[in-house]
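Multiple structures are listed underneath, in structure tokens.
You will see chain A twice below: alongside chain B first, and alongside chain C after that.
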Partner chain A sequence: MSTETTLPIYDLLTEIYDQQSAVPEYRQKAFNSFRSQGFPTIKNEEWKYTNVQPFLKEQYTAAVTEATVTTEDIKPFLIKGLDAHLIVLVNGKLNKSLSTFQSDVLISIEPLTEVPGYAADSISFTNNAFAALNTALTTSGLFIEVKANATINKPLHIIHYYTSDDNVFVQPRHMVCVHKNAKLDIIESVARDESKGIVWVNSVTQAYVEENAQFSQYVLQNGAANTRLVNFTEAVQHKYSLYNNFTFTFPGTELVRNTLHTRLAESATETHLYGLYIGADNQLIDNHTLVDHRKPNCLSNELYKGVLAGHAKAVFNGKVYVHQEAQKTNAFQQNNNLQLSDKASINSKPQLEIFADDVKCSHGSTVGQFNPDALFYLRSRGIEEATARALLIGAFAFDVVEKVTIPALREHIETLLNNNMENWYA
Partner chain B sequence: MKSSNDILDDLAAKDYEFGFVTEIDMDILPPGLNEEVIRFISKKKNEPEWLLEWRMKAFRAFEKMSMPTWQNFEMPEMDFQKISYYAAPKSKKQYNSLDEVDPELLATFEKLGIPLSEQKVLAGVAVDVVFDSVSIATTYKEKLKELGIIFCSFGEAVREHPELVRKYLGTVVPHSDNIFAALNAAVFSDGSFVYIPKGVRCPMELSTYFRINAENTGQFERTLIIADEGAYVSYLEGCTAPQRDENQLHAAVVELLTLDNAEIKYSTVQNWYPGDKDGNGGIYNFVTKRGSCKGVNSKISWTQVETGSAITWKYPSVLLIGDNSVGEFYSVAVTKNKQIADTGTKMHHIGANTKSRIISKGISAGHGNNSYRGLVQVGPKAEKARNFTQCDSLLIGDQCGAHTFPYIESKNNTAIIEHEATTSKIGEDQIFYLNQRGIDTEKAVALIVNGYAREVLNQLPMEFAVEAQKLLSITLEGSVG
Partner chain C sequence: MFTPHSLSLTPYHLEHTITMLTIKDLHVKIEDKEILKGINLQVNAGEVHAIMGPNGSGKSSLASTLAGREGYEVTKGEIIFDGKDLIDMAPEVRAREGVFLAFQYPVEIPGVSNINFLKTALSEIREYRGLPPLDAKGFLKLTKEKQQLVEFDAKLVNRSLNEGFSGGEKKRNEILQLAMLDPKLSILDETDSGLDIDALRIVSNGVNKLRSENNAFVLITHYQRLLDYIVPDFVHVLYDGRIVKSGTKELALELEEKGYDWLKDKTQLEKV
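Then we have the complex of A and B:
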């Protein structure tokens, strides 16, 4: 671990940890796990294509500055026409005055100050140094609990607002519990103001979807270049539950690593994971997913699509694990990539590990370019090249975008897509 | 006039007049691995200085390496110091007649339809089939010689054609490629060497089977095949019949090299001892196979049918360096009982317009575990590279596992890469349909499996394909129920 110890950030985090007094056991365990692993290197199979080391070189400060953020600052990040309850977190901390929605009888939304022990225990820290680090050092986050039988009719729009003139390492921790028969939609977006500092966000989200509950999570990532996002999300599903995850990544943030685990802890669940990543410039977008089929009769469906321009690098690793007990599993996975520039690169690894025989599992992965015939068809009908390309990208992305059931959000995503039209040329 | 079979029978029945001892070289090194051992092997084989140096280099690299940890199985403890690195010829137990051979083995031969003479060689009966082999080998050798084809043992090649061996040895699989390749490079006993000169199309399928020393190519075999410009060769390795063998670890290296417009087709049927029902014993088949399409328009095609060995761990790969070169990989891997197969391929697209095709069919039964691990890599200069990959898994029984680990790395925006994989079991309706027509379940499964593996079996040379089909059915016997 010689390289890690020389990183200033490593020293800083160790220092922060050592300053804590009366550290609960789970945090000790987590920090020890982090200490023994260090920051991942490309020698680590889970980080083979994502080298975080160059992103850790800078000097960071310990304290996250308290910033005054006004409604005006938030305004540009609202989604046009979206009818939602607004919740704002500033540098990982729940800001009640900016949020338009507070707890009520159906739902409680509170800052998460201490991670419940069982939640910390359920995450495996093996090959998961960032989650271990987060568990050991997190100080802020969001706790959302939907009461049993409650249907939250409007989606929650959670804006993660980051601002800092210094380089900071932020480690928010969120928990979402959707109790029996309840239903919740959340939209999370990352907002970065024009402040100069690098914001490293190492966040962990845990979701519990109880029996017959439904939870849809939309994640929008289009922050500024000086933001680095490393997310770990784990959703645990109980009987008859439904979990949908949508991850949209757009040009901007220079490093995005999403690790999404879904644990199908009980039978007859349904899971849909959709991803759309549009990479440009020097972006590195890494999506790692795991669908862990532990019980029989579950359905999982995964579709990730990517468009890569500029010097962007994309990594997709989709793992489907079917335990021996999980008979009658249906698991599907698909990853398609459009590689538009000769400087862009794609690393795709769809992975199946199956221990049950009565299953239907498949995966597919493709890398390709614009279909010249399709382009020619459109051009020959008098559509100019830029529009033709935009049309084709729109069609490519449509498979994912059409799955968004909130109209305003869908329009917003289409707008974001169109804003990137200049990237469609190699 | 006695047929050759009769002669062989007579010979088999007769006591071997001259005794067997003379056949067995008494130089058996005690277990252990150090520089002395390598010097000894090299000296024994009268090798030139450069080859000894190369072995030494490999040994030094080997010493620095540690066991890989990325494989998808429990790596058995391996003590390289406990292996004897020179025991040539291998102390194979010799039988005096077929009556002494394990009846189960004979029953398998019967089902495979292997002629009596061949059965004896395979079972290790001390028939002087060698004579037979010699004659076959010599007739073929004459013919090959006329065309300028070199097909001989590695040792012979080092003596007769040192310039060729020196030029190409280790160019595809370097001495420090991986721990097993390094070990092989340091201590390889013998192997095969093939050189097809410019513009020659090898008129017959070459097979180690026809070579006299085929019997002795043991644990650390090394194969080097070079197809010069415009040449073509089809090479068969192994045999469909179960091989008796006492060695635990097999770490062979195969290097293929094609120059401009050349083509090599390499077929393997591997059916080594898989261990018993509880997974005791059996061969660890850790082989490094790689081909290099160095020339333009060249082609390398790997076909493998893997049914034996306790653990099969190999990835026949192709380096597509020359423009327009083509790499192919067709594989059927069957695991049953406690067998493990971690196999697949790597296609490195380096030159422009390179194409690769991967068809992998895994079949797991019993407690078997089958992994496909593949890499398709497109470099920045591989304009218009094209890959198609299909890896399907079939599960028979609920205790087995099927895994896929495909890696796709694209650095070129003109590349088109497709990968698809499915996992399923044999449909009850399919079995029912066949049952209904009076075909019992076991035969029905064999039929379905053969249909499933057809795409790969079709790639095998004719005689091989027929046997491989039977082999598949036999391997899966008793796994349905």
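Then we have the complex of A and C:
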């Protein structure tokens, strides 16, 4: 596309691709898809309210430099009181010496360098240029596999640590396979140090939750302003499986786009998607979700809540697709937003497409301000206005936060919420 | 000229009492509508005043104005509380100074726990009053003690603030807060409304136990019923934004018997 050639990053990525020799077919296919689509513009319906073009203007360097990161650097990103297996990735690459946990008989955690063919084919690249780009060029990531019937008692805490003095474009690729009857909890933290370069993260995660397996994924996004996150996550669920996704986005990272697809490939599955996004300053936070009900008797429940301060902008697009075959589907979706400033904005779009006739589906979307009666009630008891607001924000977020069943993680999230409060009114 | 003033009724009090609240010629409007049209009222420490009157007379507006609710604009007059001008004070500062409003309709706030709310309020108020913060043990002890006072179900303390509480539980929660925060002046805005006779007795007992020489109560009510339980020193009748009659507790009985219509007629006559 002619407009793309003006972006130096496009030229750089093309150059990196062209320099490779013996490129596997799936990568060729993916890169061709990216090349024909280019980076999305606001003319693309999926990116209508999220203009990534201004975020792609800078010069980037080709190679992601190897950084020396110590346990001291990781410390601030640990979760207090959390009993977990620690896995550290530095700029998308598994760092075994910083990780306290390696593979054992129940779970295998290895670097991912090539995307298995079935996984590459599973993703549609249509309107998904970032995922195509990642598939074509990814060089690192994690491959986590939980053996059948294995219950991993402690959650894995994966810290995605990013550091660079140059502007870099990082494309990690992860796969999580939870085999039959197995159970796994993963907590992912995005950690950004104080280095000066822009880190553009274009990541893809694919999860396979097999029959009667349970997988809970908690994602915490609280990077620094010079970090840009574009994530594509796809979870494929088999019979009787349970998949929970929690996505928490806090002030910091200037651009966050989470695309979360769940494919209910077999019947009688259960899916819970919870999101809490707190936007401040000039942040742009976009959550696009798709719940793809393909088979009968599946339950999906989605609750996303947003708090927007300053000039923050949020996008929520929740699509629920119920195929003709997916009778007896229960699909619920709710998106509520609290707008704290006149300059903040939110675009919320529930999108239900239902082709089965015996289903229970609901959706709701709200944007509101503080309830003045509640604020007055708290203040009339001697509580400072800022504290009262903080209490009300905490109360608004409560519906999502209370769903976190790991106590230390829940406390950590509450702390992150409270820490940020005072800055929002500055 | 009809002069609604409690002063003339309290000669013996004047010599040794402390004036807590003085309202002088108070005019208040909401948006462009004048709601209060010249209220005069003095409340001294140790006193209980009842303010009665028909619907729409301005009773709750007076309570809201005293507590500092947004939208109630004082256009004329003054409110002096404990020697300080209340009008320009933020609601939280009024509360810390010792003004407490028991709400007619306590707000339900899902997600804010009752206990956390009490703790936050109490610690801010104690800090303002120069008192050391209560430790966890001290706070628990105080909460338990005050809970018993209003026979408040301990289970409710850990629930979200007023969420799913019955009408009686909400009103008891108001009195629990009152007991915890220990204000100088408490304004009870139709605390009796929606209460059954048992709840009314419990709430009234709580208030009676909290009465002292150092605090004062203003009870806003429609009905004489509440005043059987909390016996006021003075009764004022508010009508059309003014106090049109003041008296002792017998006035409440008279109102109960005659209703408010005779007052309306009387004010019509006075206007002529």
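The rule is simple: the second predicted complex is superposed on the first by the 422 of 426 C-alpha atoms of A that agree within 3 Å, B and C clash if a C-alpha of one lies under 4 Å from a C-alpha of the other, contacts with A are read in each partner's own complex, and residues count from 1 in each chain.
Throughout what follows, a contact is a pair of C-beta atoms (placed from the backbone, for glycine too) under 8 Å apart; a residue touches a chain by one contact, two chains touch by 3 or more.
Please read all numbers here as calculations on a predicted model, not as lab measurements.
A.B. asks: Look at A:E72 in the shared chain and tell me whether it touches chain B only, chain C only, both, or neither; answer first, second, both or neither.
C.D. replies: Neither chain B nor chain C is touched by A:E72.
A.B. asks: Check whether A:E25 is in contact with chain B, with chain C, with both or with neither, and answer first, second, both or neither.
C.D. replies: neither
A.B. asks: With both structures fitted on chain A, tell me whether chain B or chain C touches more of chain A's residues.
C.D. replies: Comparing chain B with chain C, the partner touching more chain A residues is B.
A.B. asks: Mind working out whether A:G394 is in touch with chain B, chain C, both or neither, as first, second, both or neither?
C.D. replies: second
A.B. asks: Looking at A:E194, would you say it contacts chain B, chain C, both, or neither? Reply first, second, both or neither.
C.D. replies: Touch status of A:E194: no partner.
A.B. asks: Please work out whether A:Y377 is in contact with chain B alone, chain C alone, both, or neither, and reply first, second, both or neither.
C.D. replies: second
A.B. asks: Quick one: classify A:E353 as touching chain B (first), chain C (second), both or neither.
C.D. replies: first
A.B. asks: For A:E385, is the partner it touches chain B (first), chain C (second), both, or none of the two (neither)?
C.D. replies: Only chain C; A:E385 stays clear of chain B.
A.B. asks: Please work out whether A:Q324 is in contact with chain B alone, chain C alone, both, or neither, and reply first, second, both or neither.
C.D. replies: First partner only, chain B.
A.B. asks: In the superposed view, which residues of chain A touch chain B and also chain C?
C.D. replies: The overlap between the chain B and chain C interfaces on chain A is empty, containing no residue.
A.B. asks: Under the stated contact criterion, what part of chain C meets chain A in this complex?
C.D. replies: Interface residues on chain C, with respect to chain A: 67-70, 90-92, 94-96, 100-101, 103, 106-107, 109-112, 116-117, 120-121, 124-125, 128, 160, 177, 181.
A.B. asks: Which positions of chain A touch chain B when the two form their complex?
C.D. replies: For this pair, the touching residues of chain A are 45, 49, 324, 327, 337, 339-342, 344-369, 426.
A.B. asks: Going by the contact rule set out above, which residues of chain B touch chain A in the complex?
C.D. replies: 70, 72, 378, 380, 393, 395-425
A.B. asks: Going by the contact rule set out above, which residues of chain A touch chain C in the complex?
C.D. replies: Where chain A meets chain C, its residues are 371-374, 376-385, 387-388, 391-392, 394-399.
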